[in-house]
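Some structures to go through are shown next.
Each of the next two complexes has subunit A plus one other chain: subunit B in the first, subunit C in the second.
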Partner chain A sequence: MTSNAESLRNRAFQAIRGQKPETVTVLSCLLAVEDELGYIPPEAAEEVARVTGSTINDVWGVASFYTNFQFQPPGRHRVEVCWGPTCHVKGVMPVIRQVMDILGIDGEGATEDGNVSLRFNTCLGACANGPVISVDHHLMGRITPDGARHVLEEIRNGIPSEDDGAS
Partner chain B sequence: MADDRITITIDGVEVKARRGQTVLEAAIEAGIYIPYLCYHPGMEPFAACRMCVVEVENGRGFPASCTLPVAEGMEVRNNSSQVHELRRDVMELLIADHPHGCLTCHRVDLCGPQDVCLRHVSVNDRCVTCPKNERCELKDTVRYLGMEMESPLEYKYRDLPVETGDPFYDRDYNLCIVCGRCVRVCEEVRGDNAITFTERAGQALVGTSAGTSLLESGCEFCGACLDVCPVGALVESDHKWEKAQQVERTICSHCPVGCQLNLEVNRFEKVVRSVPEISSPANRGQGCFKGKFGLDFVNSKKRLKTPLIRRNGTLEKATWEEAFDYVAERLDEHQGDTFAMLSASDSTNEEHYLAQKFARVVMNSNNVDYTSNTQPDAVNAQREVLGFGAATNPIWDLENSDCILVFNANVTEEHNVVAVPIKRAIKEGAKLIVIDPREVELTRYADLWLRPKPGTELLLLNGLVKALLHQGLERREWLYENCSGLEPLREAMASLEIGEISEQTGIPQDTIDAAMRVYGPSEHSSIVYGIDNVPEELHKDCASALSALSLLTGNLGKPSSGIYPLKPGANSQGAWDVGCVPTHLPGTSPLEDTEARQRVEEEWSIQLPQAKGLGQQDMLRSGQVKALILIGGLDHPTADALQTLQALDFLVVQDSFLSAAAQRADVVLPRSSFAEKTGTYTNLERRIQSVRPVIAPKNSAAKPESWAICQLAQRMGAKGFEFSDTAAVMDEIARIAPIYGGVSHQRLENEGRLVFRPDVGNPLPTQVLYSDKEYHGIQWPCPTTESSGVEILFASGFGDAMPRIPIPDYRKIELAEDSAFPLLFTPGRVLLQSERKMTVIKGLSNRIEREEIIEVHRDDGQVLGLREGDMVELQTNGASLKGRLAFREGLQRGVVSSTQLFGQLMVEVEASQSPDPMSEIAGLNIAAARLVKVES
Partner chain C sequence: MPPSFEEIREQGIDRWRGLTQGTRPWVRIGTALCGKAAGADAVVASIVERMDQKHVSAMVSEVGCLGPCFAEPLVDVSMPDGSRVVYRNVTPELATRIVDSHLLEGQPLADAALGVIGNQLNGSIPSLWDHPMMKPQRRIALRNAGQVDPMDIHQYAANDGYAALHKALTEMTPDEVRQEVSDSGLRGRGGAAFPTGTKWNFLAGANDPVKYILVNCEEGDPGAFNDKGILESDPHSLIEGVILAGYATGATKGYVFIRHGHDGPIDRTWRAIEQARQLGILGRNIFGSNFCFDMEVSLTGDSYVAGEETALMESIEGKRAMPRFRPPFPAQIGLFGKPSNINNVKTLAYVPQIILNGGRWFAGIGQDRSTGTAILCLSGDLTYSGMAEVPMGMTLRQVVDEIGGGVPNGKALKLLQTGGPLGGVLSAVDLDIALDFDAMSKAGAILGSGGLIAASEDACVVDLTRALIAFCQYESCGKCFPCRTGMTHLLEVLERICRMDSTPEDMTLMGRVGRSMQAGSLCGHGQLGFNPVSSAVRYFREEFEQHLNDKVCPTGTCPGSWHSPTRVRR
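Our next item is the complex of A and B:
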């Protein structure tokens, strides 16, 4: 077994052990792991199964039910684009296309170099400023395709994103 | 009884129902059809498909009848136009993403499989692309709802790749309607949880964790999910597209559980599918990898079709006439003790009976046995104590046991369906104690896993008996009334030192005590034992000790408290019952029993041979035997055994294939398989069931041994072999074997219960897809035609035959005496090892790449100069295994262990070129071994 897998398993186990609530369920364990690792690797699913006395297939059933859980390691930067009704009406679709073009991916997921991961979100809670994207949990409103290109270039160049990345 | 029944009406028809039943169950019992797709008998209702919605007078909405409990006076409407309309709407949603070209084609009734109908159909998903063509519950339900031609042509195709990489069956989730039957049967019934629901809402489907193959998800390849799948999503990969011409019920020939199987036969007399029978009392709709996917040997092209006679050193084709003449002539020279006869492990009762009658009457020899009689001492020991060498209770009684002790048995692989009620009991909170040096599937579920050093099993059982008495856990009052011998046992046990037992076996004293604190006080404890890995010398006393344990706790004569010996071979029980063993006569009377001898001699009009007979192992060891008739192959064709066969003066083999033994024969006779025979098997719970001919292969002269034996006997001038059919043989058995006194073929057939069968012209889908009759068989003892058999032995006490609690010997066997192989290898096999990485390399046949782990105790490792993580090779006499060394504290010193994955075995079986690979699966045998360090 590679040391990387061993360390993932360890971290997952520590996260499961470290849960504060008294009621430990498959779901609470998965949330703890997601918080710690940012995704659910197979090793973590096995740990959850072991600790909760269920099977890996049970754990998978729960984990795949909730869209919150990721199964691939997230990229170093996390870009979320809102495609909720408001942002949709306010024209987020060209932004999404632009983002996917620049990142070279087709839908949700991480780029090949592991630098950026893209997720779609159904509401980021800032409908008045739609269309909205979030970069590393930092919201940006009234985004345009050009604005999005600008933000992604900044990420690529390693410049921390500024408040007014929007147009 | 009458008070328990309540009355409801369904569409104005009065229906009697039991309290707690659902409306759907009551309707099914009353023969009223309510369509359903996710319900399946034997599983909890799920209410997912909404097909069984009904209306209830003064009720709100449209409840699903599968979850609606019956209530007195309830008025249910199953046929109103509103109900119909709702069901159609529901169905439209269901088929919105199920390919349904099969529904909309106007020629669908005219075409069969293999027919190509592109020119007749405007859509491109021809009905024949579905392997469940003509067997699909969804299609039948759509037709029942009267909406086939109205169905929209459009549907959303999921466009998922068909999963064909796993052994034995394919999964096409494009056809799945997510009814969840497969997930539920795997979890609820089998306790395996190898598949699960994935994702949710519109994307919800069935799958495995992270989409891994079934080989690594804990699948036991029992096929239960296939049997319940209402659509074509799950189907066998062999004969996938074949259409069944007829279906016949028979008994599986792979193990003594006695599963009733419905074998589907195509028009070329080939067995194309096997579906376990729901109404069968022994298997309750369940089967296993062997019964489901391991019956193709009956179709094999390699089967022997004509007799062969060795002429000038080679086997040449001959006629039956020539063969009989030759055999009769040669056998005449070997009358008496130099002759021996071995019946097959899967011979029917009638055939076992004829084999022993032939040996005793025609050849004047008691050297008669069956090939898989590997533990006669254990059978005899239990018989001496309890009077019967068979299971005392039905298999499914285990389901309600509170504590189950499994001693040295790889149940999941060798008697698979017995593991199903055990796992179900565990789920309901029963305690499981496993005593086995090997890691087998059930150890995963064990509350206590006692892992004695091989060879010390008997010491451990002594320790358990002592711990039971020492802690005062025996049922004294019950014992005073029912047994004798308690005080002598107590005295014998008093001299034992539990500390010494603990040291010898390697099991801590606390664990021994704890095991008895679990086993002793529980209300319903059962014992399941196999002893296949205990040294032969200890068989007798181990069985005695186990019988003592069940007597001491009063766990006999009541439901869910039995003792179950698991023997190898499909009809081992029957062989003992009809006297196909060297030591016993038909009816399980010992050879020395003068009364029984008289009865048999009178019926047969001969003098029985006096000399004691040889058992199957001694026949091949002693050198006394010069001529042998062997039916079926040897169970363990070791080099030594084959050498002995080679050296015989005269060897006749009747087998289906030219096995290693047959290749050494002077005469080879072609043998019918179980699927071509009429007769009976007796399963491990003493249930006598009918074996029926399913196929009649063309262009083959193969015959059942019952026919061959009778012909040969007559050729040799013997009287008493003029049977018109096997039913007449059973009649003779009934005359001289009191436990079979009331059994006849006619009775076994007539006592089947007719059940409601869907009308073929107006297909009413689901549930009773195959059964038109339920057969319960008869559990012996059944002395008269009035007797209906006995489910639980000693239910009304022991009568005059008060058992004496045996005192087991106290000894062990040193197994590792070979200095070249100083260690003992205890191989293990489990369904799931999710923590171990493996790669499945898919191809024509799969390959699994995985690093094996070889486990020893730290002390042994250090003595050998090995470190944890070293690459080592484990060598036994004839085999080797490479892997990484790990130290395990739980292992005994001197023992080396390695646990493989069941999936690896399945891959090997699938790739095997042998015509009958399932019957060749080697057990997990303990062997002498050594460890050698190798370069990684």
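Our next item is the complex of A and C:
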């Protein structure tokens, strides 16, 4: 357990140190940690506080404000669904329903087996090809409930999501 | 010693000639967010693999967004003889055939083409610029989008790139640059349409050796993707605009503010900044002048309100993105306490062309107090969705019917949602409104950042309004209560209406809540947050009343099932 905590702390520190911009802030550090670990464990928050000379409360204050930060380890695969107005108009709701049914969860979070975590996004930036979801950072536009099922099955069977689910 | 402007330009022109008139074909593949969402990565892989198998020698470049996102993935093949064909909806399988037939045998696949550019190929394929979506366009900020490799500064240089900066630094005083921008009539494309020249004068008047130019690419508006589109397609046009803004106002550093996670725009902007530094276009004594300026990218977390200009500064400082009180204004006390100027990506991307061609030239495009072009993002129920740049003054009906190609499948258009979630809803029967900041706000909608979401007759206006308010509620930063609790109340009422569970008094209640929000909120989020409801009721009162009084949803949408995240405030 301790060694795991140490390794998290270490990885967080390396991520914080490796930032490109000159301007290093609590937020920039948290984003770097999230990119590396996929979530913000307490050890990482402590590192951010230490490096930026802030209090741990300041760090949690920032982390809890931005909706992207997660505080539990993510699933192995990450699915994001867009619930923005364009995707809404283009029929994303049945897609989201399908995704949640297949994953057996109701809303954001990870599946019980830790294989997949689901997040809602307000706009994935590819509205012209809505409805849009993203799987492990790959955008998939013009997605249908069937297309979503297909992609999730591939994940379950361990096929990397290299191919796109676009129609 | 960095190269001179003339050397950069020469090298650029050489590079461009090699690509367009060389001995090898040049294949450009659109890999902006729209392209990727349609599967462009697999197309790139397929083309490269096939070329390898067949020993085809061609230059392959990943470019940004040409505009017709509905036809993505786009593959644009130009041959040494100068002919150029743009293919639509390319699959990995079609990509293989393009290599075999077009690259190897010189036989274009007419059936799969969207259009040709330039040379007509005996008329067998129509011209891309005659496509209904492309024809009415006038491209200023998007002139290079989809045409140049955004990762190659030399291609930008070959197409007038950095000529405006060179002109300003060698022939113009900062006052003259600001005057040119004022003469152009340019108004901010981020939402508030504030005159850019006036804003720059505020910053120029601030007496401080350290000042900042902040570029707003938060672009949290769902339905808007043109800021990210410009950064992915032609980041140097923004960088040149930022350096010009810095010179005109005496600023020392620029920040490009982007939401994390959008790797395409972020990586391409970083790459472009690094290339500009290498050529001495950013850094000390730019083009041998005594002007020094540098830039960096600043990432933010997911927060819509971070796009509000004072919240943006809080976010760059690494804090919660909650708006500040004004005064003091950013031009007095801004980022890190220093005078700052905030502009949208599109606003700044116009500036190089304005300096090059003159403010009068820009003012001659568009109408009245809305000069220049509008950069639109068309999405929703339209035949041609994507990004387009058209002269201001075109009517919304023309935009929908011509550029958007109308609603597919013979359906009728019902409404347009414009200007992002804080904008408004316009009815399809009332679309003879010009693309014009003032005309649109008079009609109860805003042009805002240029997002236009079309919905067909199948859409329920109450359901859409609920979705918009769900967004606004989720994104309220929580700093002031009229917005924080007001949005929550509005959402509760709208959910009741959608569930056919409301009372007629609910309309009055919403009005009261909305007025408190307008009067008592600190920033635009709360002040404008009632717009989606008020504009929808203005054009579709009857449909609301059917839900309220008769408990029927005429489109059969409500009560649908909707899934949206709930915001827990910690």
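Criterion: the second predicted complex is superposed on the first by the 158 of 167 C-alpha atoms of A that agree within 3 Å, B and C clash if a C-alpha of one lies under 4 Å from a C-alpha of the other, contacts with A are read in each partner's own complex, and residues count from 1 in each chain.
Basically, a residue touches a chain if its C-beta (ideal position, glycine included) is under 8 Å from a C-beta of that chain, and two chains touch if they have at least 3 such contacts.
The structure displayed is predicted, hence computed values, not measured ones.
K.L.:
According to the stated criteria, A:F65 is in contact with first (subunit B), second (subunit C), both, or neither; which is it?
P.N.:
In the superposition, A:F65 touches subunit B and subunit C alike.
K.L.:
Applying the document's definition of touch, where does A:T55 land relative to subunit B and subunit C: first, second, both, or neither?
P.N.:
In the superposition, A:T55 touches subunit B alone.
K.L.:
After superposing on the shared chain, does subunit C or subunit B touch more subunit A residues?
P.N.:
More residues of subunit A are touched by C.
K.L.:
Contacts for A:T122 in the overlay, against subunit B (first) and subunit C (second): which applies, first, second, both or neither?
P.N.:
After superposition on chain A, A:T122 lies in contact with subunit C alone.
K.L.:
Given the touch rule stated above, what does A:A5 touch, subunit B (first), subunit C (second), both, or neither?
P.N.:
first
K.L.:
For A:P42, select first, second, both or neither according to whether it touches subunit B, subunit C, the two together, or no partner.
P.N.:
Only subunit B; A:P42 stays clear of subunit C.
K.L.:
Quick one: is A:T86 in contact with subunit B, with subunit C, with both, or with neither? Answer first, second, both or neither.
P.N.:
In the superposition, A:T86 touches subunit C alone.
K.L.:
Does any part of subunit A touch subunit B in one structure and subunit C in the other, and if so which residues?
P.N.:
60-61, 64-66
K.L.:
Residues of subunit C touching subunit A in their complex?
P.N.:
Listed in rising order, the residues are 33-34, 36-39, 41-42, 69-70, 72, 219-225, 228, 255, 260-263, 270, 296-304, 315-322, 377-381, 385-387, 417, 421, 451, 453-455, 459, 464, 467-468, 470-471, 474-475, 477, 560-567, 570.
K.L.:
Spell out the part of subunit A that touches subunit B in their complex, as residue ranges.
P.N.:
Listed in rising order, the residues of subunit A that touch subunit B are 1, 5, 42, 45-46, 49-50, 54-61, 64-66, 71.
K.L.:
List the residues on subunit A that touch subunit C in their complex, please.
P.N.:
By the definition above, subunit A touches subunit C via 20-23, 25-31, 35, 52, 60-62, 64-69, 82-90, 93, 96-97, 100, 107-108, 120-130, 132, 137-142, 162-164, 166.
K.L.:
In the complex formed with subunit A, which residues of subunit B make contact?
P.N.:
193-200, 207-210, 217-218, 832, 834-835, 837
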